[in-house]
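Before I ask anything, here is the structure I am working with.
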Amino acid sequence: MNNLLVMPMALPVLAGILLIFFRNHIQVQRWTSFIIMLVNAGIGLYLLQVIQTEGILRLDFGGWEPPFGILFVADSFSILLVITTSIVAAVCLLYAFSSIGESYEKMFFYSFVNFLVAGVNGSFLTGDLFNLYVCFEIMLLASYILIVLGGKKVQLRESIKYIVINVLSSWFFLVAIAYLYGSIGTLNMAHISERIAETGQTPLLTVISMVFLTVFALKSGLLLYFWLPRSYIVPPVAVAALFGGLLTKVGIYAMIRVFTLFFYHEPSITHTIIGVMAAVTLITGSIGAVAYKDIRLIATYNVVIAVGFILVGLAVGTPEAIEGSIYYLIHDMIVKTLLFLLVGTVIALTSTSKLDEMSGLIQNYPVLGWLFFIVVFSLAGVPPLSGFIGKLLVSLGAIEAGSYVLLALALISSIFVLYSVLRILLHCFWGETMISSEDEVPLNKGRLIPCLILTGLTIGLGLGAEYLSPYVENAAYTLLNPEVYIDAVMYKD
Amino acid sequence: MNVSEMIEWISVFLILIGAILAVISATGIIRFPDVYTRSHAATKSSTLAVLLTLSGVFIYFWAVESYFSVRFILGILFVFLTSPVSGHLITRAAYRSKVKMTESTVEDQLSDAIHEKEQIEGKGE
Amino acid sequence: METLITILTGVLVTVATYFILSSNVQKVILGSAILSHAAHLLIMTMGSGLKNGRIPVLTDETGSFVDALPQALILTSIVISFAVTAILLVVAYRTYRATGLDNFYDWRGYKDE
Amino acid sequence: MFTVNLAIMIPFLAAALVPLFRKRTLRIHIGWFVFLVPAALFVYLLSYIPSVSSGETFVHTIKWIPSFDINFTTYLDGLSLIFALLITGIGALVTIYSIYYLSSNENLKHFYAYLLLFMGAMLGVVFSDNMMVMYVFWELTSVSSFLLIAFWYHRKRSREGAQKSLLITVSGGFGILAGFLMLYAITGTMSIREVIHTVSVSSEHALFVPAMFLILLGAFTKSAQFPFHIWLPSAMEAPTPVSAYLHSATMVKAGIFLVARFTPVFGGEALWLYTVTSIGLITLFWGSFNAIRQTDLKALLAYSTISQLGMIMSMFGLGSAALQNGASSQSVFYTQAAFAAVFHLINHSTFKGALFMVVGIIDHELGTRDIRRLGGLASLMPITFTIATIGSFSMAGLPPFNGFLSKEMFFTSVLRILEFDATWQTWVNVIPYIAWIASVLTFVYCLLFVVKTFFGEYKEEKLEHPAHEAPYGMLFSPSILAVLVVLIFFFPNVLGEHLITPAMASVFPTIAGQADLGVHISQWHGFNTELFMTIGVVVAGIVLYLTLPYWKKVYQLFPEKWSFNQLYSNILEQTEKRSKAITNSYMTAYLQDYMTYIYLFFILAVGGLLISSGSYIIDIKQNNPISAFEWIIAISMMIAAISILFSKSRLTAILVNSFLGYGVAIFFVIFRAPDLALTQTVVETVTTVLFLAAYYFLPDWKKEKEHRRSKGLQMAISIAVGTIFTITALAVQNGKLFDSISSYYENSYELAGGKNIVNAILGDFRAFDTMLEVVVLLIAGIGIYAIINLKDRKGDAHIEDK
Amino acid sequence: MKTNNVILHAVVKLVVFIILTLSVYLFLSGHHKPGGGFIGGLVLASAFVLLFIAFDIEAIRKAIPFDFKRVAALGAFISVGTGFGSLLFGENFLTQAFGYFDLPFFGTTELTTVTIFETGVALVVVGVVVTIILSIVEDV
Amino acid sequence: MIQTILYFALTLFGIAIAIALFRIVFGPSLPDRVIALDMIGVNLISSMAIISIIIGTTFFLDVILIIGIIAFISTIAFSKYIERGGIIERKRDD
């Protein structure tokens, strides 16, 4: 029985609901949420193994055969992301324990985190287009609340923009679903793929794919990332890290899924447009990353660059490139969370976010400094850290497909990434120490340990890339061969 | 023409009357000079219009489909009940928010009454 | 019929877009509410048998039904739009009370952050 | 099993262990433990010499990421052995030197950890056969060099130097990555040995030349070739042992190693010959030219290193002439240049290492290394003086020092290339002149170095400490190197036969089988052109040195602001300024701007494709008839919608919106959707109540200030969006491709036991949606409660509100 | 200015009663006729809204002393719980069951688990709508 | 014939709604508009009832009456808003 498939979503939902009743029992809230995340990661790992032997798994809710019911489909791609999400969320929770403050915790903070994770996991797993919309909404609503929670002036000011833009993008999503349902008459993703393959991708379907592109470009921050940089800097650190690690990735996932499963027949139109968008994102993101002296903005523009980079892989579309994108996606989830946590910690310690207002922190907080050092190189894709293998494969794919412009941009953007975060390292951590040991704000272990865990992961993912490769290979194979997915969903038992 | 057809015709007739009334009351709502007079058109005649129409529909279904719904009757009654109340409330609100009456208004008794009451209360303090 | 409704949704979308492009937060929220009307009508027109079918409730009569799936989707979507509108409203007025301003132009924030 | 792989790993392991040392428990300087690592490795590697010189090679593989053909394969041959011996040998000497150079107040653990990290990475670079693994180590050398340059990170110049070197070398590294990947794409293998085997086929590939240039880019940045040399002088902010080790003896030679390694692959390309030779010669000239103007001894040495690296680079370029027109026994004639290159590389490491250490001693003992404050040290620091003289004269190419031999061979190489039947003959003809001029300049700065520092007036008042000889421990390493300089002069063929000749076999594998690549090095080879050139160099050099005050004005032609260094800083500065301007220009933080972008994208992408694909076919024949009532409602709704735009009060707007809601409900009725009609009305009512409740807190609409944007654009976008939306919808309705799946649900009574199909879908078929929707609602409800009740705490607002 | 709300209160009391009855009816009949959990819940919620508008919060609080947040959470728990419930029977997540039972007095009655699910839905809708309105209004 | 009359009646209701819309749009005072909206609500119920006959279904009948009652809520809310500004009070002051 594949009921295990729903757990990555159902458990957080259930926990989120139940924790509402335990409003004043903070310890219960904390550890329930944390354990749920760990359990999810465990379930993910188990499912990943099962998929290797039994192929794609699916769970028909209510026992309704596809395409009539809603179902969860687990292939290697989605499960890999589910595992990463669970780990990232667990780490962020760990960080939140010591940083978020009791007033948040009593305002259902952990419930919202649980809902957010549920939405993210659901988006990864669902096999139904409208359900994807609903899962997106769960994730978005939770993110709306999390971004506003705290009610500081800037927070409100930026979050309302975030909400309005996401409302618009959700509307586009609904419209896109309506169009697609109108012409294809089904909502099951495998069934849609099958039907599109049957008639071929008519020009009108390509037009509809552009509506989807608009939606996912907005959600993932591909080209239409305007909302992203400033809205990600306002919430508390743990939330920002969660956002930086997870939210755009869902958009990327959806984009990859939709353009490999539905609209893969006209790559000369769709994938070219994605490629151009990715290129522009890389350029403007790189420019943005070096433009500001606010370390939070530097971090958020790095999110943008990574989006461009990952989607270069999709635009290129060779097996290597897709594998690279998957590697990079996983890497990015971990390392962006780490980056946001570190940047947030620095701000919490120094009470400033400006580059030139801090200096020499490594004297006061050596471990933090070294963690940041590793992040700098991990972000830039310097081997043997986790970004390397993804960058390598995407570049290789670009070479094989002859997309030299994308290759050049992808590599040059890495230099900008390096430069942008190097500035933080050089200005904030190195240099004359400004804080005397008396004024030093103590860095508690609760903030440090999550960073250490993620750093360990980024190193481990780099050195142990081989252990991941069969799964990633399988994921890319499924993405590039939609019939595998269709068979598993529509025809297996 | 048998009985049921008769009833059918009657119901349709009721509906038609209702519709015509609705148009008439709608005319009222643009022709009358101020909110207070318009509210007559909107709530009184309109309520009658809807009452007639709904009754017509009720009779139609009873006669043609022999569908008798107590809830429907209840509903008709309640539309009948709520519509004037809302008319009352909104007119009062209009008055309180000092919406001007038409210039041809002859008398404003409520104003006098309130005025009087306030004076009494003022004395009491 | 479908064409008429579609044109109507088009008008709604135009109006809503105009509102969303204005800087007043209340207009933007109103715009988003109108957008959801348009989306729901659009989903409705995507179903088959719009005016010919029967109400999607099983009775003894025969004949084809209208497309029931869009109706279910719209129902879900209505509820979600309601939730989102509520949140938007609340955030808008909290923002207004925190900043004393009510439009996005004044909510730009500081340029050189 | 003790393999080369392990040899690479040992420094890393040691680097990981170093921070664990506790200062208190050990009386001995950590450096002595660190010293054991390179020393042991050096000895171990020495043991390979006999087998390597007999032509053996050693390959060993440890699997890393076999799925992508990335394996930790080491390949020990003549070339890598030479480099490895340099790395470990000089590494050992530098470690000893550093023990005396760095006081124990410094952060020694970090220093030695970085040093060991570098050592391992460098060994990795030279031993790797797998291109990707080589790249990994390559980047690690950049990183460790970055750390070492910024060792005194509280100094601004150290940080800037570190940043500069990292940015330049890592950028070059990305070039290498791309180049390697292209090679992989061409050949399908990551192994350099296999790439070499397939070269005859792969050189036809269109990507071959781009790959070559990208790899050269990496090599040039690492080896500080013109115009990427600017990072090297800045890197002199590092502690002197680091400068001696990384920035003269080993790391900067990684680029040269790469060129040597890939000569068998790309050497056949004419562009390779010209590029490598030209860049090398330009660097040679530019480095020596600039060295003269330096006043800081370390900077002088840095430029001299640049110049010398250029020389070695150009010799490898010249050597590739042998591969130009198909390798044959005749082409051995040209390979001598590469032989000279390897030879000079070793020589350079010895004398330059010694010189750096000397400068370090001067800096350490006197507290300055400014040439203008030094003088007359010859008698005060005799040993230092001797070493410096040996090093400088070797560098200047004077006998009896090893530099003389390799300089002579360099002249031979540039003369031999004249016989090469080249496409760009004029350029080739110029080569010897450039080489000669550069050598003269080299001679001048060597003289400067020795004379200005050790002769002339002793200016004690300008020094921080009075001059005295350095401790013996500090002198030990440079002395060894100085001795080597002399020894090599007298016994060059020991090196030549046992090390350089096997290395030549690695550089020219195709020729190695056909002819003997070895060159007999002789101290005296008669009065030939080379000798006269050298004599000329000495004469001209002395003349120039004496006339230096007169022609120094030449340097004013190259003012500071025109330099590449300045260019680099300008680029960084401008990048920041420009990018801020660019980003601020579109990231206005004004939501409506963002919305405009989004809509414009939608219009362009969807609308553009709609028009260009011609899929806007609309057919209204199949439409159902419209009754008068529907017309009226629809048109009323349109009018109502448009009227909202003109409504002056928000309540009017909300009333009209309510009307729209009711209108939608009516259409739901017409479209046979009772559930929807009911839900729509109720939700509409509740929404209205919600609006009214919130309006209590919000101000009424003021007359809207339109900011910057013309209403025209707003209008145009709205109309365009509406039109595209409508046309697409109509086209979709017109071109339905499949029937809906919903006929299945019409059996809801049998399947789900419900007669209301919509309800059955919501409650059973698609219950999951409903369940999640409930969660959405719950989030909204609880969330609104939380938003309203979690008021901002005053203390937290400080950061963002600044 | 003091207002006399006698008419309003009188009508509202009656109307609310009707709405409540009808909402329960809609909720129960949803399986075979228009209606269901959502609609029932919404109508019920609107009845509460009406009460709040016509009377005041304190008065209603006293009459209906629920914490509506908890009502909502309970509803969500019930809905999600039915999903987990089906796991207990070894069925797929969210499998609904229905059967016909002969009950005394009612005759053959259809009992479905959907009803439980929909109860949860209705509770959430009521809880959330009331929570939202109350939160907004109570904000000072 | 009956159908025609029904359609005619329906059209009349449509006209009534359109006329009321005029009042909503042009006011002039807020109560005017609210009254007009209330009237539209009532007319919509009638229209729905007629449409039920035309379609030939009884399913709307239960529904439309609730709609009528619910529409009442928004009118009350509006009138309260006009009168007091806030639609819901924490504690009644009378």
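The first chain written gets the first letter, and so on, giving A, B, C, D, E and F; residue counts start at 1 in each chain.
FYI, contacts are C-beta pairs under 8 Å (C-beta built on N, C-alpha and C of every residue); 3 or more make two chains touch, one makes a residue touch a chain.
These are the chains along with the protein names UniProt gives them: A = Na+/H+ antiporter subunit D; B = Na+/H+ antiporter subunit G; C = Na(+)/H(+) antiporter subunit C; D = Na+/H+ antiporter subunit A; E = Na(+)/H(+) antiporter subunit B; F = Na(+)/H(+) antiporter subunit F1.
Predicted, not measured: the structure shown is a model, and the values here were computed from it.
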{"item": "Set of chains whose contacts include both chain E and chain A", "value": "C, D"}
{"item": "Chain located farthest away, centre of chain B as origin (C-alpha)", "value": "D"}
{"item": "C-D or C-E, whichever has more C-beta pairs in contact", "value": "C-D"}
{"item": "Innermost chain, taking as reference the mean of every protein Cα atom displayed", "value": "A"}
{"item": "Per Cα centroids, the chain farthest from chain F", "value": "D"}
{"item": "For chain B paired with chain D, centre-to-centre distance based on mean C-alpha positions, whole Å", "value": "80"}
{"item": "Geometric centre distance via CA averages, chain F-chain A, whole Å", "value": "47"}
{"item": "Chain centre separation (chain B, chain F; CA means) in Å", "value": "11"}
{"item": "Where chain C and chain F are represented by their mean Cα positions, the distance between them in whole Å", "value": "21"}
{"item": "Overlap residues in chain E, where contacts from two or more other chains coincide", "value": "3, 8, 15, 18, 22, 25-26, 32-35, 38, 43, 46, 49, 53, 69, 73, 76, 80, 83, 93-94, 96, 125, 128, 132-133, 135-138"}
{"item": "Per-residue overlap in chain C, given as positions that touch at least 2 other chains", "value": "20, 25, 28, 42, 45-46, 54-55, 57-58, 69, 75-76, 79-80, 83-84, 86-87, 89-94, 98, 104, 107, 109"}
{"item": "Chain F residues counted as touching two or more neighbouring chains", "value": "10, 13, 15, 17, 30, 34, 55, 57, 59-60, 62-66, 69-70, 72-73, 76-78, 80, 83, 86-88"}
{"item": "Interchain contacts (touch definition) - all pairs", "value": "A-C, A-D, A-E, B-E, B-F, C-D, C-E, C-F, D-E, D-F, E-F"}
{"item": "Complex contacts: residues of chain E adjacent to chain F", "value": "2-5, 8, 12, 15, 18-19, 22, 25-26, 29, 33-35, 43, 46, 49-50, 52-59, 133, 137-138"}
{"item": "Chain C residues within the chain F interface of the complex", "value": "54-55, 57"}
{"item": "Touching residues on chain C, where the partner in the complex is chain E", "value": "57-58, 75, 79, 83, 86, 89-90, 93"}
{"item": "Chain E partner contacts - residues on chain A that touch it in the complex", "value": "1-3, 6, 10, 13-14, 17-18, 20-21, 59-63"}
{"item": "Complex contacts: residues of chain E adjacent to chain D", "value": "26, 30-39, 42-43, 45-46, 49, 53, 68-69, 72-73, 75-76, 79-80, 83, 93-94, 96, 98-99, 110, 112, 114, 117-118, 120-121, 124-125, 127-129, 131-133, 135-139"}
